[in-house]
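Consider the two complexes below, in which subunit A is the common component and subunit B and subunit C are the respective partners.
Right, the complex of A and B next:
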């Protein structure tokens, strides 16, 4: 088995007739934290959706754990270990926390395993345990983010993809979320792919970075190099 | 029963039949954001399935052999199965192929499919006429039957030897039981919760790993069964069914669903009851009102849409800036 857990090869997608991603290549190494940066409308969320199978690939391949999943339906990709948390919209507001967790565990059939993983969630986020019967929509932004990330623990997640976890959160909560992500990564050697606009926070926890612009990767490199690169000083970023 | 209570009673009865179709619309709209316009026709198809199954069991002589409860269960199961199949077929043929096209396409194609179902029922049920009370009479020359080939008598499956009142109580009880079961299903089972999840946010449902395709198919099975029961109750209430009542029945159910908010089962119940009450009270209290009951029912719907476009239990659509 190779060291690369997720590989995107020459991926192109379009919305109707308008091309969006154009020949995107990227590889995420097992156990790494990889970040994707880029201005609004660059196609970051589209890339995430394509990896999940919510946006169809016109060209190219998506390879997850040495399997070509380009034509595999979304729910199978997720049950095989891809988990996306998009905290801004990642919970069902009208449902209780408990129901949200249950839906997040859609593919976990073994009751004992589910119980055990729920315990892990409550261990990491004690708050959730007290709020099981509360509607997710009434949680604070930070709590909702935690709920959406905790679904990664419930599933046997191999790669956690986050689409702008810091969006709409107070800086102090952002700190907390990133501290938690770091902990998840360190304790479980969880691979994380992080899509962010908060460049500094993203770079602070990642090893490798890509910069996406107008549907194309315009830069890739180690975070240490990317940090000082001119590309981030570009006013559009 | 005095006049007023009997009106209330009839209103609830009619409301029950509308509610079931309205729930069908809700379920379909919930998972697909598509209005399945042939829902009423699927329900009437259910009523005709009951007639066919009844005749078939009669021809086979099974009524003499089996207890009435068993034959009734067989007949209802056949109707539920056929409606579930037709409902799935509706999804496969007239909705799924247009997934990527404009929302108008499934609207048009389900209207067209509704016409096909209607005409099919009209053609198929030509040579057979059943008297209400008993043995089946086959009529050789359908042209001589006034009002053509339809209506057909609905077999009395519900308490055949009891009074109409008892039968009607049972219709109401069955509706409540079905709705209760639906609520349990929606809130207690994984499949039911997945249906709600898709209805609230489809993309997020995908992200949760929900098998959306499977859930949609099962929604159509359940919706088809609800419609079969709706057709059964409507037929039992009216004692006769006609092949072409599906479109009016469907628009009533749709109106009830819209008045209720389109995505809410409670809304569908309230909307269905409201429509039942308006119709029955107009025809019961206004002299000659029967002629106007449909007009007034739809006027009430229009007034509702004007003043509460999101429906009684629907959510206000707030334009985001």
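Right, the complex of A and C next:
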């Protein structure tokens, strides 16, 4: 098996007649943290949706774990190990935290494994243990983000895609979320694809970065290089 | 109240409770119009009062903890009620209809309660089941049981076909689609000469079991029973079986994923839930439940016609689900039974029947917007609960900031 977990080749998508992505190429290496940066409307979320299969690809290929998944229905892609966490699609606010965790374990059939992984979740997020009977909608923003990330631990996740985890969170909570992401990556060597607007925070934990603008990748490279490059100083970013 | 909460958990209290519920049901059935409606309102008020102190939930938990006792005593009580009706033809008739509506409502709940897809065509599916029995018995001379099986098959396929457009439509649009299906069904049955057109088919063969007719006056121990009683018992057994299926579906991942789809389709998709399959599942199983209810309805009336399964009947079933409590199997049965009884007992008001009925519904929904027994918060016995252990108690004693 190659070192690349997720590869996007020449991907183009559109909403009706409006093109959103135009020939995007990118690859996420195993065990790396990869960041996709870009201004509003650059197509970051569309890229995530295309990888998940929520948006149809007009052209190009998506290869996950050496398999072409471009035409695989989205629920199958997800159950094969892509996990997405975002404020918008992470939790079910009207259900209890416990039910949310159960739903996260939808694809885990073995009860022993589930129990073991729940143990790990509570080890990582002790706060969730106290909130089991609470409705997810009553959690704070940070707790909700953690709940949606914790579902990645419950599942046998190969790659965790985070769609703007810092959106709508207080800076101090953002700090906490990113610290946790780093820990998660270090401890479990989890591959993370981070889609962010918060440039500095995102770059601080990642090792490879892409910059997306108007549906095209305009820059790719190691974060150390990216941090110093002129591209991020562009006022549009 | 605390003492009451604790005492609920003993098996003896559960048997007593079952007996009390049985007597309450018997009282509601047997008394005259106003007294009966008064009893129903008193029952709802009692539930409301007890729920304020969290006793209703405690009772549900207690039943869960003492499954065997609760089941056996409940079964005996629920089967004693039809027998206790003795020769009362009218009440036996109402009870049978109530039980059959309850089965249809359980089916409708898969779509309305669990998945939040309002289906305005449950009566059409009941009608399909009923017509299957009608055609099988009168045109092919088969046993109505064969008709019932055919009905399951037909409604299942039809449910699948109706489910297909729902994959693309949501909310109001879905409601419109199903409304159109309901109206089209009634109109279609009105025009097809083969199934009797607007007159329908009457004088159909009724169900029999092991050579015994189920719709017949039998005399046991010197008591002449109403002709519906044996059939009512069979219907109650059907209801118990279907209630069990509903509860199982609710508790396994199928029910949970349906709830997830109801709340947020994209989020559910992002957990790897196959949305199309689950929605179709909800439609097919719900349609089959409605179809079986309709098939059994023929055994009571010996008649099937388009007017029995029109839009008004669909609305009635929807009212029962909403009033009883969405996604709560017991609540839906209670809602179906109460509404069926109320409709009948209001006959004394003659011209004002519909007015009083509407008024009652409005008042009930103002008092209990989520139904008599609302949706319960899901609880899990093993796994997480065990892990959480004493931690929860520790937190609850902490002062909240």
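One rule holds for everything that comes next: the second predicted complex is superposed on the first by the 235 of 237 C-alpha atoms of A that agree within 3 Å, B and C clash if a C-alpha of one lies under 4 Å from a C-alpha of the other, contacts with A are read in each partner's own complex, and residues count from 1 in each chain.
Following the convention adopted for this analysis, a residue touches a chain if its C-beta (ideal position, glycine included) is under 8 Å from a C-beta of that chain, and two chains touch if they have at least 3 such contacts.
Keep in mind the model is a prediction, meaning the values are calculated, not measured.
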Three-chain arrangement built on subunit A, subunit B and subunit C clash or fit: clash
Which of subunit B and subunit C A:132 touches, first, second, both or neither: second
Subunit A residues touched by each partner, larger count belonging to subunit B or subunit C: C
Touching partner for A:92 - first (subunit B), second (subunit C), both, neither: both
First, second, both or neither for A:144, with subunit B first and subunit C second: neither
Touched partner set for A:104, first subunit B, second subunit C, both or neither: both
Partner chain(s) touched by A:201 [first = subunit B, second = subunit C, both, neither]: neither
Contact residues of subunit A, present in both the subunit B and the subunit C interface: 52, 54, 73-75, 78-79, 84, 89-95, 99, 102-104, 106-107, 151, 155
Residues of subunit A defined as touching subunit B within the complex: 52-54, 73-75, 78-79, 84, 86, 89-95, 99, 102-104, 106-107, 151, 155
Subunit A residues touching subunit C - in the complex, by the definition given at the top: 52, 54, 73-76, 78-79, 84, 88-96, 98-99, 101-104, 106-107, 111, 114-115, 118-119, 122, 129-130, 132-133, 151, 155
Complex interface listing, subunit B residues touching subunit A: 190, 193-194, 196-197, 200-201, 203-213
Interfacial residue positions of subunit C with respect to subunit A in the complex: 253, 256-257, 259-260, 263-264, 266-275, 377-380, 382-384, 387-388, 391-392, 395
